[in-house]
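Following are the structures in question.
Next, two complexes with chain A in common: one pairs it with chain B, the other with chain C.
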Partner chain A sequence: MDTCNRGPLTGPAETMAGAPALRLERLSKSFAGVPAVSQATLEVRRGELFSLLGASGCGKTTLLRLIAGLETPDAGRVIIDGVDMTDRPPYERPVNTVFQSYALFPHMSVAGNIAFGLRQERLGKAEIRDRVRAMLELVQMADVGERRPHQLSGGQRQRVALARSLAKLPKVLLLDEPLAALDRKLREQTQIELINIQAKTGITFILVTHDQDEAMSMSTRIAVMAAARIVQIGRPEEIYEAPASRLVADFVGRVNLVDGEVLACESGMAVIRAADGSGELRVRHGTVLMPGAQVWVAVRPERLVIGDAPPTDGVNRGHGTVSEIAYFGDMTVYHLASPAGRRVRLTVANAARGAVALPRRGETMAYYWAPDSGVVLTQ
Partner chain B sequence: MNPAGDRSRDARRRGIVLAAPWIWLLAFFFAPFAIVLTISFSQGIDAMPPFAPLVDISRDGVDLRATLGSYQLMLSDDLYYVALWNAVRIAAVSTIICLLIGYPLALAIVRAPASSRSFLLMLAILPFWTSFLIRVYAWMALLRPTGIINSALMWLGLIVQPVQMIDNAFAVHLGIIYSYLPFMVLPLYAALEKIDPALGEAAADLGARPMRIFAAVTLPLSLPGAAAGCLLVFIPAVGEFVIPDLLGGPNTPMIGRVLWNEFFANRDWPAASAIATVLLAILVAPIVVFQQLRARIAEKNR
Partner chain C sequence: MTRRLSFPLAAALGLGYAFLYLPILLLIVFSFNESRLVTVWTGFSTRWYIELAGNARILDAAGLSLVVAALSASIALILGTLAAYALTRFGRFRFRLLFAGLLAAPLVMPEVITGLSLLLLFVLLEQAIGWPAERGVATIVIAHATFATAYIAVVVQARLAGLDRSIEEAALDLGARPWKVFVWITLPRLAPGLAAGWLLAFTLSLDDLVVASFVSGPGATTLPMVIFSSVRLGLSPQINALATIVIVVVFTAVVLAGALLTRRDISKI
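Moving on, here comes the complex of A and B:
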């Protein structure tokens, strides 16, 4: 009750040390018949910084609210730190949330906001004061304790919201798009601070975001959500390099997709005939593919190399007319129109200043890519 | 275009916009009040109008004939104290009961599904569709010894003789609470509706139980609405004339009725004006307190 955030895990219950911080079992929730979360199953280990990544409306915020207890699931279980919390109200769950709008209490000072959760535990005055001070120092806001939320900037409010939800030392900290309202510079800086605070406190973070860069750069693991379902769970590099489906490949980063039919698959090398008649593609693929299967070949734009003389045999080649060039400083993005009418996206890192003469719009450009640069997707 | 000319034209336009409310206040509040204030210092005479002019300009020169007689009369006669005290007490009790009924009502409307919210709000203001006077008459028909409620109770055998429900303080309270409840509900609804639902969720997330969330978040943030509602009920209720006249009988004199009597029955315009002036002074106090409270809250959680 009062000490729920310290939970049943101080003392004898420490024997549950092996339990994951969070386990969701086939969790489902519909609103007016429309599924918001469908059969979500996942496990988050202690000390992880786990991201729920997806476009808006994919159900990631609902999933977070189900964990916090702010929504009641239609089916499935929520197990926090080894204890089934499915039927417990939010005020009995050892999790705290950083809301997207921050939801700071406008009629309380910054210190009052941070102390709010501690007061619910009926801690002593002195202890509350010390904890509030420690939290303010943790988020580098030591001198604004007496201010009101409306006197703070957006970035400062975000820190207060973070301090308030960390003050109770939750088993799991839930963050709902915590950086969405910050400008880009501040966002990058805050990302690093969040990682540092997470490392310092050792608390398990679950972060909801629609920003794939944010998820990639911050997370230990990512769950990609689409249309109420978790479509893939993995480390950032797994998600990027080995997407489980076209959907994930397309959502996380940019990708060139070619559909085709498997002609042969021998010792991990698949030969695929492109459906647009542009030829055969050779992709090194881990699993066995049945000849005749309909598949998609996915190649990241940065894996395409400009040039027409392949140094070794067995690479895939292509060419197209440059239709668009976008210069980003650190790299340049080319859009090509292939002879078959497909759009090919290709990025070149601008490693040197005023480098080689690069193609211009309207010119024909050749490229190639190695068989192990692509991925074969079956769905 | 020279900027100075623009600025003066802007100022002129602003002046025109601001003039409307000022002219309204001047014509319908300050001017009448100045007249009332003047009469309150005059002497009553048997004439039409029944008071002597304050400043008498005759051949002998200018003669100022102001008197505090009406105010002295108010201090000397218990009737005025009693009526004023009655009015303030009945209005205060009614306001508190309005708050106790209106707060849960407003909260229930705010927490209702969005689809039914505007319908419920419309129900709350539905009584305004009928004239205030007719609704008070309807209460008379309900509460009379031969009225609907007594007849029904007697027919059911629950009582053998009519219960006295009219011509007493109970009926006055009932009438005021019934009539002014919407004025409590509407500002409360506006204040409660403005509170971000995420604040309640954040409080629950931080370990607060529902009662605690109400006490620590909902209630303090709705106080400006509650204060506005209390003012909107209390101020007109203190000066209320129709309800005590129709439902109160002779034993519950309220200051509004005394004022009416002085003016129409006794034709003592100076006394009636003095009462009106004192009443206004008494009512300005809670408004000033409220304004300061609101300014302070606005300063704190702007």
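Moving on, here comes the complex of A and C:
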């Protein structure tokens, strides 16, 4: 698509080749003394589908509004496509937003909504009409152009909001929980469509979500936010496999956490004594840990294996009484009560029907995990 | 679903409405009375309406009243809308609550005081800068605009507070400058409130006797002033006819304003 068709302020002359689509430098914003975004620094490359993931109230919407220019930062810079836009008003920034409430104009038709942004660019009538039609087709809404927003379903409104923001071919498209109001089936379908549209248009997407599955399955990279701060940025598998802190480990996916003390750390293998007295744990760890350090060991539930460890490396073993079983079809989740009183979460993929005789509630179950399945967290 | 009213409730309702509307109903009925004696029914006739149409004094006053009402409502519409916009959209500036209270105060101010204070202002102004040279249409329009501004500000404020702020932000986000957002997004959303406010201000001006009596001069007599002075000379069927017309105009305006304000709102989607 032609991305040169923008207003004079964002013409090609100002665009620096190779600059990231968006760079935030120590961006901060407080409301009445309470920080909503604190020292946010990140870089989003062109064509990325970048997610901001975090619990409700952690500052995701505020960060998006700072990028869009709808909120003025207390400190920090917003650099869009190589141009410092910190002091520019929203109507001069080459970004568009899909609002959480969609914020369609109720007194205009669907086509009127989509044309509104194009009219601000002094495009010819014919060109506006063509672009509106192209956008309606892109979101598969070609036959409802004349309807009013209140005559549409939630999913259709969401598409119109998307088409309206995409019509201006922004450098960065900001989406604030665009799928939160949709029911589950529609949400999954729309996730795929969003990915397709992003690939087709090549526009950089920044997606706000509190749904970790959504962030994991859709994004090229994720910034995890907690309490107004960005706590980790990485590819989905990095965030999942190598969380930087307990907070991230706990928020992204489920995790079994054991606190303990480092006894030794040699050639990448850390020996850790669990604080609850359940024994020693061995974790293959990339960095050097000082003996005596207080750490947490995180193991994902699907990395626990039912049964006794093979005798050759009989480490990281445990057992517990099955207290809860939840069957999800594709997998089954077990909760075990360990002798030390800890709750252990364990998932088993149901790969073959009725293959193994699985334990029942109240039975004792042994498990183990391999040293490279765990992660040592220092914070 | 419509529910049947129980008898005591219906009776109470009937009594209430009778209390409100019986006098008006009587006035309307007697405006079609043939007799010159206001309280004796002799037969149906429209002669008083025809006589009214030939009464230059009353027609002049009616014309003046309509002009004053339209002008003052329009001035109040602009001032009241700006005041309401400032109060709801510019956040928490200093003394915001005080300003909001001061804006609504004229609603409860006794008319006698409003009239007196405006008269005082006009007299002082005349002494100081020689304007207004004489009291008349201009002073009545200003006086009516003063209290109508308060009404319109209150109506528009309520409407603005109910508007979804995010659609204005969406317009900014799509590249519209603030004045374009106001013209293309905010104003259309406010239109029913503005129309209702204008109609209310119009009827308030049309009704007003007290304030107008204070600030008008010999050359300008509004309709309520004519009615009041002729009634002091005795009831006349011609005034009944005039009053009936005024009632119809005011009633239509109020119903229209009410309909505009309660119109099923499509903003909440």
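Everything that follows uses one rule, which is that the second predicted complex is superposed on the first by the 361 of 379 C-alpha atoms of A that agree within 3 Å, B and C clash if a C-alpha of one lies under 4 Å from a C-alpha of the other, contacts with A are read in each partner's own complex, and residues count from 1 in each chain.
Here is the rule we go by: a residue touches a chain if its C-beta (ideal position, glycine included) is under 8 Å from a C-beta of that chain, and two chains touch if they have at least 3 such contacts.
The structure displayed is predicted, hence computed values, not measured ones.
Superposition of the two complexes onto chain A shows a clash between chain B and chain C.
Once chain A of one complex is fitted onto chain A of the other, the partner contacts of A:G307 are absent, as it touches neither chain B nor chain C. Looking at the shared chain after the overlay, A:P291 reaches neither chain B nor chain C.
Within the superposed three-chain model, A:R157 lies in touch with chain C and out of touch with chain B [touch as defined at top].
Legend: residue contacts after superposition of the two complexes on their common chain; A:P339 is shown touching neither chain B nor chain C.
Looking at chain A, you'll find residues 68, 70, 89-92, 95-97, 99, 101, 103-107, 116-117, 120-121, 148-150, 164-165, 168 touch chain B in one structure and chain C in the other. Listed in rising order, the residues of chain B touching chain A in the complex are 196, 198-199, 201-209, 212, 216-217, 220-221, 297, 300-302.
Within the complex formed with chain A, the chain C residues making contact are 164, 166-167, 169-178, 180, 184-185, 188-189, 266-267, 269. Against chain C, in their complex, chain A makes its touches with residues 7, 68, 70, 89-92, 95-97, 99, 101, 103-107, 116-117, 120-121, 148-150, 157, 164-165, 168.
Those residues of chain A that touch chain B in the shared complex are 4-5, 68-70, 89-92, 95-97, 99, 101, 103-107, 116-117, 120-121, 148-150, 164-165, 168.
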